[in-house]
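Think of it as A, B and C in the order they're written, each chain with its own count starting at 1.
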Amino acid sequence: MALKNVNEDETFSDHVSISIPDHLFTERRRRKVEAEAVVRPSLNYWQDAWRRLRKNKLAMTGLVLLIILVVLAIFAPIFSSHSPTKQVLTDQNLPPSKTYWFGTDALGRDLFARSWYGARISLFVGFIAAFIDLFIGVIYGGISGYKGGKVDNVMMRMVEILYGLPYLLMVILLMVVMGPGLSTIIVALTATGWVGMARIVRGQVLQIKNYEFVLASQTFGTRTRRIIRKNLLPNTMGTIIVQMTLTIPSAIFSEAFLSFLGLGVQPPYASLGLMTNDGLSAILTGYWWTLFFPAFIISLTMYAFNVLGDGLQDALDPKLRR
Amino acid sequence: MVTYILRRFGAMIITLWLIVTLTFFLMHLAPGSPFNQERNTNAAVQKNLMEHYHLNEPIAFQYLSYLKSLLHFDFGMSITQPGQTVNGLLAQGFPVSFELGMMTLVVAVLSGVILGVLAALKHNGIIDYLAMTLAVIGISVPNFIMATLLIQELAVHWHVLPAATWSSPKHVILPTIALATGPMAIIARLTRSSMLEVLTQDYIRTARAKGLSPYKIVVRHALRNALLPVVTILGTLTAGILTGSFVIEKIFAIPGMGKYFVDSINSRDYFVIMGTTVFYSGFLIIMLFLVDIAYGFLDPRIKLHKKEG
Amino acid sequence: MSETILEIKDLHVSFTTYGGEVQAVRGVNVTLNRGETLAIVGESGCGKTVTSQSIMRLTAGNITKGSIRFKGKDLTRLTEKQMRDIRGSDISMIFQDPMTSLNPTLTVGKQIIEGVERHQNISRHDAERLALEIFDWVGIANGKERLKQYPHQFSGGMRQRIMIAMALVCKPSILIADEPTTALDVTIQAQILELFKEIQRETGVSIILITHDMGVVAQVSDRIAIMYAGKVVEIGRRKDIFYRPQHPYTKGLLHSIPRMDSEEDELIPIPGTPPDLFSPPKGCPFVARCPFAMEVCEQYQPITTAISSDHAVDCWLQDERAKQVTFTGEV
């Protein structure tokens, strides 16, 4: 008997119906609330992303760390009473103290001033390289993706070949040819670095180009430039920002790596990679501070960018969230 | 599949040629390079170089003869060490570097995959938290810093392991760890996110609906699909390990290719730089090619897509 | 009199989310008879999929109350391990999207055979023979070669046949099909539905068909349960539901599909949307959309009234007192 259980309520229902007041059996009046849809405060994409980012403790730690690092890198060398390059021969290899907060190196230079000066160089290289990558990559990838067809085909073939080159090896080669120095590092890092950004922007543009809302504005006869500015750019922004937060630490790492190999920033100027290389001898001498501070600052900077990048990825691309 | 391999092979040859050409002409532009006619080497070496690289001939001829010698796997000779050829350096250094690189790759892939899978299976649990903290640290600490820290703590301070050179299996441990931490962290993160995604797929639910055990579902259905993205980054990781070995070999005084390369950079031994760069690039590009082919075999969908496309 | 094979009593399932607890299923009572097709119909979010996945214990939600009796056992009380012995063996399931429901990196043969090996103690060779037989049976030609192929080498309809083969290979007594034709073309839909009928004729398997499509229901069901907002609001034989619908929601559903046999040529959509199950309404969940809503519907849950021995409805309009109410339809 299929409905046995459903029907068990039958006797019970008679009993209930008695207890329900008769006056309720009238036509129901429409409640006012129903007419108005529940209005939730509507947040735009960026407000929503910021709300999500703020909830992510790790990403916020990264952001705060980064702000502290940037502030120190800008202001610490200025306000320090010591110069990052001045050698005080009577004050060699001093451990951290009240005068020298991070101690001094083998040439009697103040490590506090030097470390933050080095951090400034690292951050500078990171940001500039990322912005140049962004500039070239967005233009190249944007054109390739938007034009499509033959143009896209040729442009992407070139990118594919460049992408196949071993990145750091090419950078080393360029540094050997151009000679060490800050400006050559940036040129070497961006010479092949923009390729990644171009690929990503192109992929995004290609995808968004075919969305209905872009097709719609094309049918209305909107001009290309306006479509790019109003439709394509805002929608690729999230991915671009995420890519940038990944480019910056990779550029910082590359600079440190090159300076460590002696191909980067040259003495007497300080760079964190160079200082780590100088600090290598600390293993034998026991002057731990010459290695510890620059190494710690590089690692902290990379950490801050990495966790912030992860957080931004989650916040800006809700589709990828889990 | 055959057309796919052929097309990838063609692209590989073009990239290789591009690298050789780029390296050759860049070396001509370099200040103080022997190609640049500013010679500061001794007469005997100069004579040798003149002959080997045809430095008196027009540049086009030099280029063609360089290509020709590369086809015979002749990578050139040293300026600073008379009589030393790049092939000779490769024969000495490459086996050591290859051993270190392979050890690193195996350690990084195994530990990375295990960490990533555990983290994904215990999503938001304590293992996940620990594994991901480890991974972020692994990505944030550059390999040369990791190397110095390891030497400082384990070799100098605690005397647990030898700090430098390359003579016993014990000597392999520290450099391998220093070099493997970064790639391991990248693999762990990638495996975790890809595993988490695969576990939400419909076919996992199908597998559960068949009554399969969690172990079988993970091993048979989830892992294989989750590892596909890991395979795709193996080529890039190899490149990272290779460049990383430059500094690691220098720090640990390991007599590998990387050490010779760094030495040649410091002494501006242009022919060795050129020869090793070409060799390294060739090695890496062949690795990338092999990884692509392997991917084609692991993912049955690739074959059809490439045929159609 | 048909024999009951599965009996769901007062099933409650809820999900814990960021926003709070969602009560997706709120007291479902349904029975399934041997050899029949029971269709569970409703719009998306009504709890039909959650109900079906609860039978397999595959839902991500928590079964907070109620029981599911099958072969003398309460499935809600089995351990996960005991449950695994039932899944794929006694009760099988087919999912909506055959494109994503098959593992892309394993051959379809392996995916079928692993189910057989899990539940039956037979040799690899016999398992392969069984897979071949079942392929033939669900209408896939060249079985021997096709078993070695990967899912992407099959069309959508073929993949759904593979899913059906996979579900039937261990000869289950219940087959749950969750929107099995939704992702398919109309012509393929008809073929798959025909296959279901054939399977049932030959094996006597009981089928639970989850769908939102009254057209599909009209073709294959014996009995129909209409679900709305986590409850079964009306249940009856196919004829009862199509020709003597009692619940205003059922009527609304029937008016919103095109029919060849009806004189009305106008399709009337049901206005509004289902209630938010974060905070389920106090009274009848359909009250806000119902053209015949009374004050009582707002405040009291309707009770189940039997229309006949097979047909029951949850609606206050069945109350004697409702007959005197006049509806002006004014807003």
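Quick note on the criterion: a residue touches a chain if its C-beta (ideal position, glycine included) is under 8 Å from a C-beta of that chain, and two chains touch if they have at least 3 such contacts.
Chain identities (UniProt): A = Dipeptide transport system permease protein DppC; B = Dipeptide transport system permease protein DppB; C = Dipeptide transport ATP-binding protein DppD.
What you see is a predicted model; the values in this text were computed from it and never measured.
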For this structure, which two chains have more C-beta pairs in contact than any other pair? A-B
Central subunit by CA centre of mass proxy: A
So which chain is the furthest away from chain C, centre to centre on CA atoms? B
Chain centre separation (chain B, chain C; CA means) in Å: 54
How many Å are there between the centre of chain A and the centre of chain C, using C-alpha atoms for each centre? 46
Round to the nearest whole Å and give the separation of the Cα centres of chain A and chain B. 25
Indicate the residues of chain A shared as contacts by at least two other chains. none
Residue positions on chain A within touch of chain C in the complex are 1-7, 9-10, 12-13, 16-17, 20, 22-31, 34
Would you mind writing out the residues of chain B in touch with chain A in their complex? 11-12, 14-15, 18-19, 22-23, 26-27, 29-31, 136-137, 139-142, 144-145, 148-149, 151-152, 156, 163, 196-197, 200, 239-240, 242-243, 246-247, 250-251, 262, 265-266, 268, 270, 273, 277, 280-281, 284-285, 288
Along chain C, where are the residues that touch chain B in the complex? 56, 58, 84-89, 92-93, 95, 97, 100-106, 111, 114-115, 118-119, 150, 152-153, 163, 166-167
Interface residues, chain C side, partner chain A - complex: 1-2, 4, 7, 9, 29, 31, 33, 223, 235, 272, 287-288, 293-300, 303-306, 309-312, 316, 319-322, 324-328, 331
Which part of chain A faces chain B closely enough to touch in the complex? 160-161, 164-170, 172-174, 176-177, 179, 249, 253, 256-257, 260-263, 276, 279-280, 282-284, 288, 291, 295, 298-300, 302-303, 306-307, 322
